[in-house]
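You will see two complexes here that share chain A, one where it goes with chain B and one where it goes with chain C.
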Partner chain A sequence: MDAMAGRKPAVVWALNISVVLLVALWLFPTLGLLISSFRTGDQITASGWWSSLFPAEQTMQIRVADPDDNRVDLGNGRFMVEGNIFEGADFEGELNAWGTSSRRLGEFETGVTADLGDGETLTVEADGSYVWEGDDDQISGRAQRVFLDVVTPPDFTLENYSFVLFDENNSEGMAKAFFNTLTVVIPATIIPILIAAFAAYALAWMDFPGRAILIAVIVGLLVVPLQLALIPLLSLHNAIGIGKGYLGVWLAHTGFGLPLAIYLLRNYMVGLPRDIIENAKVDGATDFQIFTKIILPLSFPALASFAIFQFLWTWNDLLVALVFLIDASGQTTVMTKQIVELLGTRGGDWEILATSAFVSIAVPLAVFFAMQKYLVRGLLAGSVK
Partner chain B sequence: MNPALQGLITIIIGVGGCVGYFYGANLFLDKVLFRAEGPNAGRNINRANQIRPWLFLMPALLALGIYLAYPVFATLRLSFLERLPGNQYAFVGFDNYTQMFAEPKFMEALRNNVLWLVIVPAAATGFGLLAAQLTDRLRWGNIAKSIIFMPMAISFVGAAVIFKLIYEARPEDVAQIGILNHLYLTFGGAEPQQWLQIPFWNSFFLMAVLIWIQTGFAMVILSAALRGIPEETVEAAIIDGANPFQIFFKIKIPQIMSTIVVVWTTITIATLKVFDIVFAMTNGQWETQVLANYMYDKLFRANDWGMGSASAMIIMLMVTPILVWNVYNARKEMQ
Partner chain C sequence: MSGVTLNKVIKRYGDVQVIHGVDLEIADGEFCVFVGPSGCGKSTLLRMVAGLEETTEGAMHIGDRDVTRMDPSQRGVAMVFQTYALYPHMTVKDNMGFGLKMNGHPKSEIEEKVAEATRILKLEPYLDRKPAALSGGQRQRVSIGRAIVRGPEVFLFDEPLSNLDAELRVEMRVEIARLHKEIGATMIYVTHDQVEAMTLADKIVVLRLGVIEQVGAPMDLYRDPDNKFVAGFIGSPAMNFVNGSAKDGAVVAPGLAASYEGMINAAYEGKALSVGARPEHITINPAGDTHTVEMTESLGGVSFAYLAGATGERIVVEERGDVRSEEGAKVGIEIDASRIYLFDAETEMRIRT
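For the complex of A and B:
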């Protein structure tokens, strides 16, 4: 099987193409949003994001300069208006052809002098400079309309990001929500690891009655839906005075993350070589020393795996934050909540939505690509066993 | 106080507290309670070692007990009660449940949840298996896997925005910016569709989001399982003249069946709890309600704790078979 050379080229091609299709299907949704976040609102509504990657052909309608103010007397009753058609317009791109009627677009090449009848002429060069000539009657009143066939290069902007992140007048900004999310996530990731590590060691390497039952209970708790915990815990938090706030959300995330943490770490610790631990015991090390000096350093991969899981889960969470953190003041909103709000209030403003969503997606994606190895390892330890 | 500062202090207190607890309790046990010296040294060491596991376990057990075990029973109790004004409760038996089952919105949520449960795990596992098998021997397979795995890191809310852009519909006479409508019109569709507002089928458009996210998970695990298949079995099949499809379906699939089941059940659990996607994309309108969102509605919008708890218990009930099966397997494995 390993020898790809042994297979028919047609099969190899089919294989490659189907994987390309699959990858495209999984990549394009995110790519679409990413690209949209670099386009202005007008661009997003004018064309699909997929067409923004290529130079766009479009028709621009511009009037030449006002003849009554700008015309030059050439003598013999002839007048002329001269200038650049793109003057005042923020334009980058290439002019291919032009016309004077919306029914005959691109009628003339650039540089060609068009006869508009009765001796009236118009010339438009490739750089946009034009000469419009005719008699007194023709070169007066309303300025001549010109329809330009132009090709604009792909055009992207960082404006959305500076608006969403740094604009101080933007009350829907993500900056505060970003820091709030960070404030939720860091303690909610570190504390369960510490608690779970000790418990996992006890369940893996210490003998005591009831150990097997405890492990079974933890496996059971692994799948308990956190929906069940909402009301009782909110009442509990209110009763003991924590109320809604950071402390509550940290505790809740710790509780909800623990079963997976203990399960993953225990599975890993059980696999560590028995010899090391027994030798250390013979040498007089206490359990506490064995744990801190031997088990913890050796368990780094499992600790990293769980840390990534918990980080992703708390960063991406909406429900727990809605229930335990976000109060009426709106000071403690997190990014996921902020985006849901934007979906409701600014559903059509894709530049704001796309950028806000990407601000919240960027950090987990960076963590994902940097630590993918540990994430995969953790997944395998958590479910294949 | 600045929340960031508060966070920093919490980390220091939390981490310091944990370390201090474990270290201090251990010290207390060895040096004060049962000193390993004097006439009873041997007995003391034994006693200390009997207590130590519980020292190590205590914080975890407390947190698990309060945050997961207690709520199961508290919610069960609440589901039989009705909240009266003035923080009073009255026992109403199964009233909350009967009332709930009479509600069309609940039946709709239940029907949708069953649909989700049938389709999402099957599709995600199927795509995952396909991706795992196709990328297995490919030179750029790891890059492909990485990309298919990537949505794992994206929040449900982020994915909701991503797919809303895909499903976006614009009036017929202007350019479509949602790729689905663009393709639909390109391939002969008559007019742009509001995909999320077509009852029944819109649930499938919501499911696509979860399938998109979960496929990477299935792929990673199944790909490891495929690699674990002994080469000889495949080689023997090739020598016997099996074609690639026979090898895949008759040799490989049976050998990784247990892993497929694990993946399937894990995704089933995730599907049962799906909340954010529906909450952010349709909020249960246009007949897309699911149980978790129905429950949220009852608890925090209608403020009906009784029915909210009752619907939470329905979710718990649906999880229970998997819970029992997991525990059974874990125990079997340990023996």
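For the complex of A and C:
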């Protein structure tokens, strides 16, 4: 191709650039969320997530140990305080240089003995150990201040996750909501696919009166907004005793997902070669056998792509869950609802929000990456043979 | 035992009638070919035999069973499709065993029959492949194998070779002929290719617009066509037709620059006729000057000369031997009067004398 065309046409470049832009547009916020979820609240407010990936240079101001308590008499009127400057401070990193005045930061290399005047000396080693020496007057009163130039490595913590997922005292944790969401999503994905596959086969390959009208009705149902049905459906659920609960939300998701599922699957199945199905009929297969042995295996890309769609939007659903599932007890809350509540109660705690958000997008991400080839194939289904 | 009998079979789609009362008898073990131009209803007729199209009226028997209203699976037929119709997600072995499996045969029996069909079709190396990994010819063999495995009373072939390239088509044609000899089952074969029809058939059924034009052995149709359509359809290149008339008991054909005595009875006196002659029955006389050679096609062993006569009607002449005519030359033609076919110009029926 290259040899023939010589140069790539401009449109190819435009395509490549826009793909890169789209990928970046998607990647950076996701990555930011992921990284933020591993940082403490202080780190998030202090610097952006991108800077946390690299070692940070900073200046620390620390006093050496209190001379009145710690000084050692060396004789001849000389006294000394010895210790580690990082003692008691939670610090990991590398000490590059130090100084004793805020005006002259990094004045001394590590290991150098600095003359502080009148025979007073201070030595700070690279590992933070120091020796402060002087006469009685100098080594007393307030401890010497040291300004340290340090480089801290990237620092991440799993604490947010353990708080959000595993802390039993945390009433706003995501663990329960996570499993509630799974409880909603898995049946709400499988049930409509089961029903729709049968319906799609019948609408595609079985002859019965009124088939065309039924298909038209299903296409019509595609454009009915689900908000329209919320209240009537809820009162129906209450009237027949389902009330609010998992069964209700499964039924609701199934109902709202079915028109699209039937439509997609029927369009795919009707494109399967007629000869294959006729041959199976001549071979003596019943309609049910044709469906299970021939149609279902051949329709796998379409089934998978619809499964992904249904999974993703029931996972992200808030409205249907609010109407049909979540009651006053709060025991059946789902993740979307939980995050809405977190925004209210913990609006400032970005680390909690980021972690909770990432917990809620982790499963869709995994599903998407595992199944993306079926998603693309299923979207193209019917348009390309 | 398992011949096929069609009795006044009619097919309608709504108001449109596509098969107009076909009567046909196919003997047990016979290889019957339906041939005709596209849209003549030959595939529809085959699918009606298979049970994939409902028979609107009439009766259909396989052996002594009335199968008119039976499901395809109960008729004891197996069908080979033009598109092979293999199950793409199954291996060759599973494809061939599918029919038996659906009918609840035991595993060992399926294995045995698949092995037998595999041997006949020399498919052993491909048993565990999926259809996508096979060439066109191999796929069609699998498709035929799938039909064999079921041990049907009647094999139905719907243009099985149309998707293959020319060379494979010849190979598979021979294969199907061999298969028929080996199995000896009744076969019905649909094609629009008259070479396949002529070489394979015990009996050819020529169809046009849902009506049987003639039924007979290949050479009978060739030598003794009932009407102008069959005469023109069987044979390649097609038979030449020129306008003629009966005058004083003789047939006058200006396009051939000839008249033939004693060929026609008085009843046709003055009527318009269509005079037919096959290209191989016409010889070119280089000494004559009644026709002009417009074009020649040389295929090596034979060449075809396209002549135009005084009436402007074109005639194709087959030439063999070392001397062939040249384009632009003026030539005459000679035909043995016994090789002339006469047809009523109006009804297109053969006038036999």
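We take it that the second predicted complex is superposed on the first by the 356 of 385 C-alpha atoms of A that agree within 3 Å, B and C clash if a C-alpha of one lies under 4 Å from a C-alpha of the other, contacts with A are read in each partner's own complex, and residues count from 1 in each chain.
Quick note on the criterion: a contact is a pair of C-beta atoms (placed from the backbone, for glycine too) under 8 Å apart; a residue touches a chain by one contact, two chains touch by 3 or more.
For clarity, every value in this text was computed on a predicted model and none was experimentally measured.
Undergrad: Check chain A with both chain B and chain C modelled on it and let me know: fit or clash.
TA: Fit - chain B and chain C, as placed by superposing on chain A, sit side by side.
Undergrad: Once the structures are superposed on A, label A:80 by its partner contacts, choosing first (chain B), second (chain C), both or neither.
TA: Touch partners of A:80: none, neither chain B nor chain C.
Undergrad: Going by the contact rule set out at the top, does A:276 touch chain B (first), chain C (second), both, or neither?
TA: It touches chain C, and chain B stays clear.
Undergrad: Examine A:294 and indicate which partner it touches, taking first as chain B and second as chain C; both and neither are also allowed.
TA: After superposition on chain A, A:294 lies in contact with chain C alone.
Undergrad: Scan A:105 for contacts with chain B and chain C and give back first, second, both or neither.
TA: neither
Undergrad: Of the two partners chain B and chain C, which one touches more residues belonging to chain A?
TA: The partner making contact with more of chain A's residues is B.
Undergrad: Calculate the angle at chain A, using C-alpha centres, between the directions toward chain B and chain C; round to the nearest 10 degrees.
TA: Between chain B and chain C, as viewed from chain A: 50 degrees.
Undergrad: Thinking of the overlay built on chain A, is A:233 touched by chain B (first), by chain C (second), by both, or by neither?
TA: Only chain B; A:233 stays clear of chain C.
Undergrad: Per the contact definition in the header, classify A:361: touching chain B only (first), chain C only (second), both, or neither.
TA: The first partner, chain B, only.
Undergrad: Please provide the least distance in Å between a C-alpha atom of chain B and a C-alpha atom of chain C in the combined superposition.
TA: So the smallest C-alpha to C-alpha spacing between these two chains is 7 Å.
Undergrad: Please write out, lowest number first, the residues of chain A touched by both chain B and chain C across the two complexes.
TA: 286
Undergrad: Can you list the chain B residues touching chain A in their complex?
TA: 3-4, 6-7, 10-11, 14-15, 18-19, 22-23, 26, 30, 49-50, 52-54, 56-57, 59-61, 63-64, 66-72, 74-75, 78, 127, 130-131, 134-135, 137-138, 141, 144, 146-166, 168, 170, 174-179, 182, 212, 215-217, 220-221, 224-225, 231, 234-235, 238, 244, 259, 262-263, 266, 269, 272-273, 275-276, 279-281, 292, 295-296, 299-300, 305, 308-309, 312-313, 315-316, 319, 322-323, 326-327, 330-331, 333-334
Undergrad: Can you tell me which positions in chain A touch chain B when the two form their complex?
TA: Residues in contact with chain B: 1-2, 4, 11, 15-16, 18-19, 22-23, 26-30, 32-33, 36, 44-50, 179-180, 182-184, 186-187, 190-191, 194-196, 198-199, 201-203, 206-208, 211-212, 214-233, 236, 246-247, 250-252, 254-256, 258-259, 262, 286-288, 291, 312, 315-319, 322-323, 332, 336, 339-340, 343, 347, 350, 353-354, 356-357, 360-361, 364-365, 367-369, 372, 375-376, 379-380, 383-385.
Undergrad: Sort out for me which residues of chain C touch chain A in the complex.
TA: Residue list for chain C touching chain A: 50-52, 71-73, 77-79, 81-89, 98-99, 102-103, 146, 150.
Undergrad: Quick one: which bits of chain A touch chain C in the complex? Just the residue numbers, please.
TA: Listed in rising order, the residues are 273, 275-276, 278-286, 289, 293-294, 297-298.
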